[in-house]
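The next block holds one structure in the form of structure tokens; read it before the comments.
Chains: A, B, C and D, in written order; residue numbering restarts at 1 for each.
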Amino acid sequence: MSQVITIAEIENKKSVGERSRAKDPRELSLRDELRELYQRVRHQTEELCETLVAEDCVIQTVPEVSPTKWHLAHTTWFFENFLLQAHVPDYRSMHPQYGFLFNSYYNAAGKMHARPQRGLISRPTLKETFDFRKHVDSRVQDCLENCNEEELRRLAPLIVLGVNHEQQHQELILTDIKHVFSMNPLRPAFRGQKRTGPAGSDGVRWQDYSEGIYSIGHEGSGFHFDNEGPRHRVFLAPFSLASRLVTNQEYLAFINEGGYRRPEFWLSLGWIAINEKGWTAPLYWENRDGHWWQMTLAGLREVDSNEPVCHISYFEADAYARWAGARLPSEDEWEVASEGAPLQGNFLESGYFHPAPLASHDAHGALCQMFGDVWQWTRSAYSPYPGYEPVSGALGEYNGKFMCNQYVLRGASCATPRSHARRTYRNFFPPEARWQFTGIRLARDAHAS
Amino acid sequence: MSQVITIAEIENKKSVGERSRAKDPRELSLRDELRELYQRVRHQTEELCETLVAEDCVIQTVPEVSPTKWHLAHTTWFFENFLLQAHVPDYRSMHPQYGFLFNSYYNAAGKMHARPQRGLISRPTLKETFDFRKHVDSRVQDCLENCNEEELRRLAPLIVLGVNHEQQHQELILTDIKHVFSMNPLRPAFRGQKRTGPAGSDGVRWQDYSEGIYSIGHEGSGFHFDNEGPRHRVFLAPFSLASRLVTNQEYLAFINEGGYRRPEFWLSLGWIAINEKGWTAPLYWENRDGHWWQMTLAGLREVDSNEPVCHISYFEADAYARWAGARLPSEDEWEVASEGAPLQGNFLESGYFHPAPLASHDAHGALCQMFGDVWQWTRSAYSPYPGYEPVSGALGEYNGKFMCNQYVLRGASCATPRSHARRTYRNFFPPEARWQFTGIRLARDAHAS
Amino acid sequence: MSQVITIAEIENKKSVGERSRAKDPRELSLRDELRELYQRVRHQTEELCETLVAEDCVIQTVPEVSPTKWHLAHTTWFFENFLLQAHVPDYRSMHPQYGFLFNSYYNAAGKMHARPQRGLISRPTLKETFDFRKHVDSRVQDCLENCNEEELRRLAPLIVLGVNHEQQHQELILTDIKHVFSMNPLRPAFRGQKRTGPAGSDGVRWQDYSEGIYSIGHEGSGFHFDNEGPRHRVFLAPFSLASRLVTNQEYLAFINEGGYRRPEFWLSLGWIAINEKGWTAPLYWENRDGHWWQMTLAGLREVDSNEPVCHISYFEADAYARWAGARLPSEDEWEVASEGAPLQGNFLESGYFHPAPLASHDAHGALCQMFGDVWQWTRSAYSPYPGYEPVSGALGEYNGKFMCNQYVLRGASCATPRSHARRTYRNFFPPEARWQFTGIRLARDAHAS
Amino acid sequence: MSQVITIAEIENKKSVGERSRAKDPRELSLRDELRELYQRVRHQTEELCETLVAEDCVIQTVPEVSPTKWHLAHTTWFFENFLLQAHVPDYRSMHPQYGFLFNSYYNAAGKMHARPQRGLISRPTLKETFDFRKHVDSRVQDCLENCNEEELRRLAPLIVLGVNHEQQHQELILTDIKHVFSMNPLRPAFRGQKRTGPAGSDGVRWQDYSEGIYSIGHEGSGFHFDNEGPRHRVFLAPFSLASRLVTNQEYLAFINEGGYRRPEFWLSLGWIAINEKGWTAPLYWENRDGHWWQMTLAGLREVDSNEPVCHISYFEADAYARWAGARLPSEDEWEVASEGAPLQGNFLESGYFHPAPLASHDAHGALCQMFGDVWQWTRSAYSPYPGYEPVSGALGEYNGKFMCNQYVLRGASCATPRSHARRTYRNFFPPEARWQFTGIRLARDAHAS
């Protein structure tokens, strides 16, 4: 993980350099900032779960979906294991088995409960899980209160990493509970309500980018995951990027023209996947009497033509692009193009929990919907950047060991906390994954002028 | 299902004939008896769950284990579907989908939720499930109150069948929650406490029975399942039956002499099963530093040598018998021999929830442990008795359609309600099933004198 | 295995008693008879394969189907292992690994090649396999020539058992190659040609049998498998048996009335099986433009209405019977009824290799088609007879260890050698097996007069 | 597919440019060259199979291994389908079903036999398959003889593509029959004999390459697959490449230091794979009494320390590299570095069919073993080059649709025909594939001078 000094950086507001130049007596101390950050994000997680009952929090519908209870405990274990047990000499865990139960995949941190069995344990109960959170929160806060300045600077990166980790799990809590509710014939609702969208959707515009050597990856001292670096140069041919996301209406045209029945659009593995799994539409879509409905976190409702298409696999994104005479962007292209786009959009904080229709393009011609709404599949297999080295120890397992048979997604979604989104952020999922908020932005080759 | 008139019969106390002869002014009316029976058994189910929390009641560890919540709802649906919806004209279900969710396997009653998915639904919540129970209980009781005598006689068999059905699920609630807790590395306890057993166990005695034509199956008008009849004659060769159940100590000798590594003791399918599944001891046994421990409903504790061996498959029972130079009894032999044995033992009501050691043999030489403790595997494949006809309609699916690739077990277990045990009772499970309280009584061929 | 003295007995012609009474100077010596028997049956096997090419003999389409080459080698290994290696001191196997490769399931005879991998070995080649046969044949014949009389009497039962074993594999060679050819889109033919059947089929007549105690199982010293004994008494209620097999026409009526879509006819496991496997007709049937065709050993041809229905599972036989308002006979009933039926029919030697239509009922009112054409599913789970003990040693694994989750079939089929059929013969297969020549004879309960 | 004019180009001897400059009266005409090329390569395939018997040619051990018979037929179908049926008006196939049976994966060419079922068909026999080859060969040669010059130029690329396709299958015939023989406990040998290797192996040297913009991909008009273009620019950071392949001795050190037991070296999917599959060494290695043996095409023999390690997955190559403090090269790095290496090595034509030890480094310091011996895993996921467009029609399915979840391998192997190797060649397999001749060349980051 990258070193981090201030909270401001975590939130992508300013670099360390800016911070030291702008020293202001009213500014919070690092200690205060860490405390505030920790409390705020930990609280946000619990707030997210407030409409769930104990039964909801136990269920694992498929191996990749974890119970809410597990997310609540695992994020807590992360602080316990990497901060308290590593740095607080007299720390004692609440339970000798929690380390086993709530370690996700860190082999260097010890053995772990098998992932597909997370839904088989009723204990600790939800209440006991919250007690575990309180126990750890209290010790983390003691630690932040009482450590000296040198210790504080050593612990700060762990706090910030743990907070970012927790934010990733906030998104997963939403995507996982959506899957859980979708498997229940009663189609329960999480919460959120339908936002009235615009009547129509602007046509796509194509934004051109010229060939050249570009620098890719995170720069500066702000927080970022290790996979976002090192910053390095790439050569790009000229390309164009669509000004907005693909809508449900556009995706329906693909379906209606036999998209799921015509092998010529599909990668070989994609064609196998849709046939074996019987996919004929995005995840959560159901056809009732000729009308398409979709399960949302606010319950079942009719598909809105103007919303960005969502819950599609890489295979479907790629097939759609081929049908549309375009292709998916590479992650480098996306990152280069994102420079002009404002880091704003429909994030978790909107409370909408669903991708929103685009009202109209930006008057200034900037790319729209680059952040929020849905993660955007790129054509880039998830690989290490040149010169990439994972950090040593268990935290080196955070990202690097997953660089195989996955694809990079860029942007952020309606389930991503706003302060967690970043231009250089590399999200990644296997090509068949559909339960995240994932969608499509098209790209095309262009010709050098 | 057999016709039933009085509660007394349900509880196997006396036949209809006896009842009409013995009419006594102090005797409860049929209406009162049904009401009392219904309330008592329904209440017993809920009492059984009183130490469970909501999280416990959601989990399905393997397809054959159902969540507690499902048992609570399914037994309620049974009354709703077969009694209220069939016989109460204005009855309206609490929820249009409950019929789908809580139908177990009655094709004639409509479509049903897939069995392996019972652990995927958090809603209805535990509280909503109890509301469903209350709703149905109240309507059933209204119905019992208000129907006329003729209706009462028509409904009585359904009430009694539903109550017996509920008792079967009381046993399953216990065996299923035991499996759920056993999959949790924290090894939670349900309840019950260790009973101090005797220091040793009497040796086995062999009781002889002579050849002849015997009548098998239920006789009289008391309640019984349809698979217990019709009563019919069979010819039996002379045989001997062991006076008591096989103990853990005896079973350990089989293990220690390589029982699980020597193919000569095993049926072909059994040998495949133990090798594929890696079985080397009964279910719930764990070897820790050379000592055998077992998961019980009171938590993990050391294996008690004098207790009956439990949680073994038909394959293991059969292999043990072959190793011991004996065989399993046929269900006919068991039923013939059971005539002399008192219908008493360690049942659910003891609150022990675990098989108990035998203190000493009966002074009168009767067979011991014939009822309670553990169900006893017989060598009889589960088949229809000669002349067997299932009742018409959905209730005909209760027993008959399962007569394939299962074996009959006789007796009852420490999880069976006392009033549910019956000499002619035919329990049945596939030969690889181990999560029920299942054990061994040996038999041998004898020679006609 | 039962002791055997003469060939006459093997062929079910007469008992030992008859033989000693009828001593005749022209009669062949035991030595001559064994030699002749061995040569004839071994030769018959090879003759059966004469239209196959090397490629045909390698293929295993599903785990239960073995390659022809394996059958040729395994039957040879049987004599090598149980006769030559056990009784001929200086015998040396052709290859140290053949014992491993061609042992089927005899754990006591050593480790074995996994059954599902039989189709993965091209070597020994077909020619090498025939060399193996020649090698063993030559040594067996040396042994028969040179042993003394006492040795001869000791070896005779092994020769006879090996010959009966070889006959079982003659049937399997046919059923297995039929499956192999059926999986080839080219639908190759084995051989045999269409026999012209009668224009119509007589209606079924019901033959009644009265209640009573009957003796069941093999009697006398003629050859039989150990599972056919000991002879024992059973009590049977009155029953009726259909005079002939169920025809394709009758089975089509079941199909056309929704037999495969209506759960009320099916055992629970049967309903699961047909839905998971997508069965809608017997194995080898294909619907082309509304007409039913079937794969036969003579290639693909239209279904003949008057032929006995064939290649159905126990589940289908049982469902058909329920639909027809009847049931399957028990094996005891079948055996009792078979007493009046001549041991003749459409066997392997007819060269037809397919069940044949019944021309007309026997004038004397005997049951028709009791032997040959198709094996008849009974409702009897395959269990040990009272007092059954397998022989000691590896040969004890021949039958006994399979007595679980299988059903008994009686009669014989068009692929059974004539001299292999026997009234007490207990064939057995799992309830889902369909690739044998299996069909249906109906039974009904009757009432005592 | 790229357009191709002359055979010289196919064989990578010279470019079209060179050819036109060097026009020589003695040079063969295009027609002659195509005829000669076609005959030579088709003949080479058959020669390769000459030690196989019919039984060997039928077997499919795992879905990715095809029977020899299928390879012989499929390569023939390729010419039949893409050349004869597309371009010869009166062509009639030998059999209407061969198109179905021998189409591999070209959806646009019609339906196809399922890949995992290729080992289930004994017919057409091996002889009939050779007849099919003769039939097609004869018609292709007629066509080459009789077409006019314009047609000839149109057909030439198809002939050349078909020939290259056939060469790919020559390699697969070898790797597949090796797998088939390895599954036979008799461990049959294909052919080839042990070459005496050198006593020791030179240490690795590291060759440095500087940062810069490089052009990658095929250039000129010589034959290449569509996935090798278009040629495009990439920016590379400085890197070093190992002068030779990793040896068995080096790989054994990895094994002996617990390489397969230490998760820190492995990608997450790799760790799962080796644990699920129980891998502890390369494919075809067996440990007998503490010594490592390996199955080769010449039979089983001891592992030779100095040979390049072979039959390892991407996961193992990647883990080994991490253990060795290095990494795998990217395919761009490999291609850049290959410029100085001679296109020579241990190819199929050597008849050795096994990777060979390196005697000593080249005196001129060039990279060794860049071609032949084993394919070299790169860290590059198999993706389209910028601007890549598959050709239209069924042949567009040749390469492009497989660009997902596979890794690129560079170089060639001891089973690759010499004339098939090419610097820009992009071979590709999933990361768990091991049955090809696959090995390791290490790379490292370097620092710009």
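Heads up, the rule we're going with is that a contact is a pair of C-beta atoms (placed from the backbone, for glycine too) under 8 Å apart; a residue touches a chain by one contact, two chains touch by 3 or more.
The structure presented is a predicted model; accordingly, all values stated were derived computationally and were not measured.
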Query = Where each step is a move between two chains that touch, what is the least number of such steps from subunit B to subunit D?
reply = 2
Remark   = With centres defined as the mean of Cα atoms, the chain at greatest distance from subunit C is chain A
Inquiry  = How many angstrom lie between the centres of subunit B and subunit C, each centre taken as the mean Cα position?
reply    = 39
Note = subunit A and subunit B have mean C-alpha positions lying a whole-number Å distance apart equal to 49
Task = List, in ascending order, every residue of subunit C touching at least 2 other chains.
result = none
Key: Contact pairs between chains, per stated definition   = A-B, A-D, B-C, C-D
Query = Tell me, which parts of subunit C touch subunit D in their complex?
reply = 53-59, 61, 69, 95, 97, 100-101, 113, 117, 119-126, 180, 183-186, 188
Key: Residues of subunit C touching subunit B in the complex   = 105, 107-108, 213, 232-237, 263-264, 266-271, 314-315, 379-381, 383-384, 386-387, 401-405, 431, 445
